[in-house]
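Each of the next two complexes has chain A plus one more chain, namely chain B in the first and chain C in the second.
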Partner chain A sequence: MDITRLFTTHRKLLVVGFVLFILIFLATFPLYGNAYYIRLLTTILMYTVLAVSWAMFSGTTGYMSLATAAFFGVGVMAMAFLQKTLPFPVVIVIGGLLSSALAFLIGLVTLRLRGIYFAIFTFGFVMFIGQTAYYIDSHILGNVWGHQIILMDPGMLHYMMLGLAVVTLLTIYFIRRSRYGLALLSIGGNEEAAEHMGINTTMTKVILFTISSFFMGAAGALMAPAIVYVESRIAFNVFNSFMPILMAIFGGMGQFYGPVIGAAVFGYLDRTLRVELSEYFMLVFGIILVMVILFLPNGITGLIQSLQNTRPIAKLLHRGKEEQHANT
Partner chain B sequence: MTEELPRLIITGIMTGSIYGLLAMGLTLQYGVCQVLNISHGEFVMLGAMLTWTVSASFGISPLLAVAIVGPLLFVIGFLLQITLFKTLKARTPSPPVFEGSALLVAFGLFYVISFVARISWGSRSFLNTVLTDRVSFLGTSFALNQIIACVIAVALGVAVYLFLSRTRLGRAIRATAEDPATAGLMGVNTSMILAFCFGLGTMLAGIGGILISWRTSINTQIGFSNTVIALVVVVLGGLGSVPGSFIAGILIGIVSRLVSGFWESVLIVPVYYAILMILLLVKPTGLLGKR
Partner chain C sequence: MRILEGQSVTKFFGGLAAVSNVDFHIDQGEIVGLIGPNGAGKTTLFNLVSTAFPVSSGEIRFKGQKLNGLKPHRVCKIGIGRTFQETKIFGNMPVIQNVLVGAFFGTPTRVSGAGAAREASQALEFVGLSAMAGDSIQDLTLVNQKRVEVARALATGPELLLLDELMAGLNPAEVSEAMELVTKIRDKGITIFMVEHVMKAIMGICERIMVLHHGEKIAEGTPQEITANKEVIEIYLGEETHAGS
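What follows is the complex of A and B.
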C-alpha cells in the first residue's frame, strides 16, 4: 500500500477531512489561544472574505474592481453610525446591503464599458467616497474627531467573522457551480461570444458584482470594532483594495481555494511585517506585489498544477489514477 | 460673487494647464504602452521633491531644475519600461491580461516609490516657491510663477502634440500605438518606441511636479491625489487621445477652482466624480476619444 495510492483513491474524503479539521481548529481556537493569535485569525478570515469575493467577480470576468476598499469602508462607517441604535448583527447586514446598493449603481454606470474604464472608475471611487464621507461627517454632522467604536470581545468577533467567512465561501461555491458561475466564466473567456449565446452579460456582471460587494461591506462592518477608532480616511484606505487582489493572485484564481491560501499567507504577513518592519512594510508589500505578478501569474495553485504535469512524483500520481481507472 | 468669476476661471486655466500636462503623460503611457500607470502621481511628487533637493543642496535655481530633473525622470521611465513592463509583456498571454497585470505592477511601484520618497525626504512639507511677485493682469493680480508655469505647460503641450503629428519619430509612435505588430514589420523598433513613450510620460509628470513646486508647498504625499486627477482628466478627454486630455485638463482645472471658490475645496473630488459619472453615461469615449 503506497502513499500515493491512498491520496488518489480517497481524495474526496481527505479534502472533507481537511476542511473539517480547519473548521474545528478555527471554531475552538478562542477557547485556548491567546488574544494576539485570535486577532490574527480574525484578520485572516476577513481577508479571506475579501479575497474570495473579489476573485469570484473580478478573477473570473477579468473586470478588475479596485473598489474593495470603498465597500469595506462603507461597512465600517455603517457600524460607526448605527452601532448605538441597532443590534450588532443587523448593522452587519445593513453594511452589506449599503455596499451592494453602491456596487449596483457603479455596475450600471461602468460595466457596459471596456474593462479598463471599470478599473479606473473603481480606483478613483475609493478616493471619492472617502472625501465625500469625510465632508459629510465633519462639515455637516460635525464629527471632526471621528468615531469611537464600542469594543467587543475578540472571541465573539472571531466567531462572527468565522460565520461570515463560511457563509461567503458557501455562497460563492454554489454561485461558481450555478448557471451564473458558468456565465461569468464565459464572459471572462469571450464576452462577445457569451452575448451571442444569449447571456445578458451586463445584467449578469452587475448582479454578481452586487453580490460580491455585499460580503465586502459585511466584513467591513464586522472589522470596525477591531479598528476601534474610525475616521473616514482610515476606513477608506486604498490599500484594502489591493491586498485582496494580491492574495487572490498569489493563491491562484483557477481554483476555488486559491484566494483562501493567499489570504492566509498575506494575512499573516500583514500582521507580523507591519509590527516588525513598520515603515519598510510598504516597500516589502510593493516588491512582493510586483514579483508575484511577474513570476507567479497563476498563483501557488497554478504553480502546483504545472509542476504536477512535469515532475516524476506527479507521473506516479497519475499512474495511480490510471491504475485505479483500469481496476474499476 | 460675479466679480470673482473671471479671476477663478483664469486661475482655473492656469492650474488646468498643469493637469493637462500630467494627463498627457498618462494618456501616452496608456495609449502606446498599454500601461495604466497608477503610480503616475508619484512621478509628479518625485519631480517636485527632486527640484527641492537640487535647489537646496546644489544651489541651482528651481527654474533651471527642469533641465536636470526632466531628463532624469525620462531616464527612470525609460528604464522602467525596458526592464519591468517589457518583461511583463513577454510573460502575459494576451493584451487584456497585460493591461490588468501592468496596472497592479504600477500599484506596487506606487508603494515602492512613495516609501523611498518618505525615507529620503521625511513627511514634512517644503516650500520652494520662486518668482512670487504679483503681476496685474486683466484687472486682478496673479503670481508671476503661475503665469510662467502656465506658459511653459501650454508650450510643452503644443510641442508634444506637434512632435507626435509632424515628426518622423512621432509617426512611428502613432503607428506603434495603432498596431505594434505591423509597425514592427515596417521597421519600427517598437520596444524602443515604447520605452521612449513611457519615459516621455514620466518626464511630463515630473515637469508638472516642478511647475507645482514653484507655486505651492510640497510634501511626499502629493502623489496619490495627482494620480486621481490625471485619471479623471484622461477619461474625460478620451483614453489615448493627447489633445483631448490637454483640453480636459483645462476644463477640470476651471471646475476645481470654481468649486473651491464658491463651495468647499473638500468637494473637488466628489464633483470630478459627478462629472465623470455623467460623462460615462452619456459619452463613454470621452471628449475626443475614438473607440
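What follows is the complex of A and C.
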C-alpha cells in the first residue's frame, strides 16, 4: 500500500518535473542554440498549437475540420496587412479574433452537417478563401508580388511562440477538464443522446470551434515573420490542414499530451525531411500515417497506456488496490 | 393533476401520417403504457414529446407549458427525461461519466462539479450499478447499458420519464428486475410513460394503457379493459387473417 501511494505521488512529481524541464529547455534554448534549431523549435511549437487546438474540437467531437489552413492563413494575412500600422502583439490577437469570427460564422452554418459533409465543406472553404484572398490581393489591391514581412529576431519569435503555446495548452487543458470538455466528449459519443441530456449541442460546437480557431489564427499571425515572404497561396496552403490531423492521430487523441508528442515528432520530420528528401517527404509521411493507423490506432499515447498496463509496477498497483478493497 | 397533455398531435413523414390526431394525457404519479404493433407510431410519439421532431400539427403541453418549438435540451431541463429504444450510450466514456453528463447538464439550474458527481453516483446506485462505475460502458451487457441509460435520465432530475422499450431483449428474470426498477422510480415521485412490447411487464405495472395503431389511438384504459377490448385483440391476434386476405 505504501509502495502504491509512493508511486502515485511520485508520478505526479515526475510529470510536473518533466514539464518544467521541457519549459526551461525551451525558454533557455535561444541563449545557446543555433538559429536553425531555434527555428525548428518554433515550428514545433506552432504545430503544437495547431494540433492541440484541432484535437480539442475535432478529436473529441468527431467533426473532422479541414479548415485549419483557412484560420492559419487568415492570421498570416492579418500580419501581412497590419504589420506596419499596429504593434506586433496586437496583430496576433487580431489574427486570432478574425479567425474566430470566421469560425463562428462557418460553425453556425455548417456544424449541423454530419460526418463527411462537414469535412468536405471545410476543405472546400480553404480552397475558396485561398482563391478569394489571392484574387483580392493581386487583382484588386495590386499586390502582385505578395508581401514582405518585417524580419524578426528568431529568438524573440521563439519566445512569443512559446508564450502562445503555453496559453493554448493551458486554456485547452482547462476546457478539457471543464463541463465544456465533458459536453464535447458526449457529442462525440452520441450527439442525439447529448442533446436529450440537456446539452445545447449546436451552441457548444460553435463556441468551442470558435475558441479553437482563435489559436490557429494567432499561430498564423505569429508565424508570418518566419515565412518572410507572404503570398495568399502560401498563407492558405492546405498542407496546414492535414499536418495537425496527422500529428493528432500519430500522438493519439485520447490524452491531452498526445497531439503534443505528434507535433514534436512530425514538426522535426517536417523540417529535416524537407531538407534531405525534399520531393519524397510527403511519401514518407504517408507511409508513417498508414503504419500508425494499422498498428497503433490509438497513437503513441495508446501504446504508452497499453505498455503501462502490462508493466510489473502496474500489476503491483492493481494488487495494492485490490488489497485496499479487501480491507475495507 | 395532468403533467403531460397532447391535443390532436399529428406528425407527417412525407405523405405518411406516423402519428395522427392523437389526444392523450398523463396524470402526475401514474405509470402509463403505450403499446401497439410495429410501426404504430409509438417511438414517434415519444420523439414528439421530447421534441426530437417538431409536431406537424396539434400541441403538447408539459405542466401547462407548450413544448412546440422547444429544443430537446430545453425539454430535458424542464423535467422530461428519456431513454432510447436502441441504446444511445456515450461509448467513449466510463459508466459513471455517462451518468455525470445527465447530472451536469440536465438540471434546470447550474450544478457544481461536486453536486453533479454526488447526483450521478446516487443515480447509479439506484439502478444497482455502483460496482461498475469505473468500467468502460462498452464492456457492459445490454441490460446494464439500458440501466445506465435509466440512471443517466434520472440524474437529469426528471418529473416525467419516457422509457422506450426498456425490457426489449431481456430474459424473464431481467424483465422482473426491470419492472421492480420502474415501480421504484415511480415511488420516488416520477411519472412514467413507457413504450413496451413485453405484455407481462405492461400488464403488471401500468395503471393505464394507450394503444396506437397506424398512428391513431384506438383504445385506452386499465390493463383489464385493454385485454378485453375487441379492436385491440383483433390487431394483435387478427393480423394473420389480414395478411391472408
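For this structure, a couple of remarks:
In this section, the second predicted complex is superposed on the first by the 301 of 328 C-alpha atoms of A that agree within 3 Å, B and C clash if a C-alpha of one lies under 4 Å from a C-alpha of the other, contacts with A are read in each partner's own complex, and residues count from 1 in each chain.
The criterion applied here is as follows: contacts are C-beta pairs under 8 Å (C-beta built on N, C-alpha and C of every residue); 3 or more make two chains touch, one makes a residue touch a chain.
Predicted model only: the values in this text are computed from it and were never measured.
Partners chain B and chain C, brought together by superposition on chain A, fit side by side with no clash. In the superposition on chain A, A:124 makes contact with chain B only, not with chain C. Of the two partner chains, chain C is the only one touched by A:183; chain B is not.
Comparing chain B with chain C, more residues of chain A are touched by B. By the touch criterion defined above, A:135 lies against chain B but remains apart from chain C after alignment on the C-alpha atoms of chain A. In the superposed pair of complexes, A:199 makes contact with chain C only, with no contact to chain B.
In the superposition on chain A, A:293 contacts chain B only, with no contact to chain C. Looking at the shared chain after the overlay, A:242 reaches chain B, while chain C stays out of its contact range.
Using the contact criterion defined above for the overlaid structures, shared-chain residue A:280 touches chain B, although it does not reach chain C.
The minimum CA-CA separation between chain B and chain C in the overlaid arrangement is 11 Å, rounded to the whole angstrom.
On chain A, the surface touched by chain B in one complex and the surface touched by chain C in the other have no residue in common. Considering their complex, residues 30, 36, 38, 84, 87-88, 91-92, 96-97, 99-101, 103-105, 107-112, 114-116, 118-119, 224-225, 228, 231-232, 234-235, 239, 264, 266-267, 269-270, 272-273, 276-277, 280-281, 284, 291 of chain B touch chain A.
Considering their complex, residues 179, 182-183, 185-186, 188-190, 192-201 of chain A touch chain C. Within the complex formed with chain B, the residues of chain A that make contact are 62, 64, 109-110, 112-117, 119-121, 123-125, 127-128, 131-132, 134-135, 139, 238, 242, 245-246, 249, 279-280, 282-283, 285-290, 293-294, 297.
Taken in their complex, chain C has these residues touching chain A: 50, 52, 71-73, 76-77, 82, 84, 88-93, 97, 100-102, 104-107, 113, 152-153, 156.
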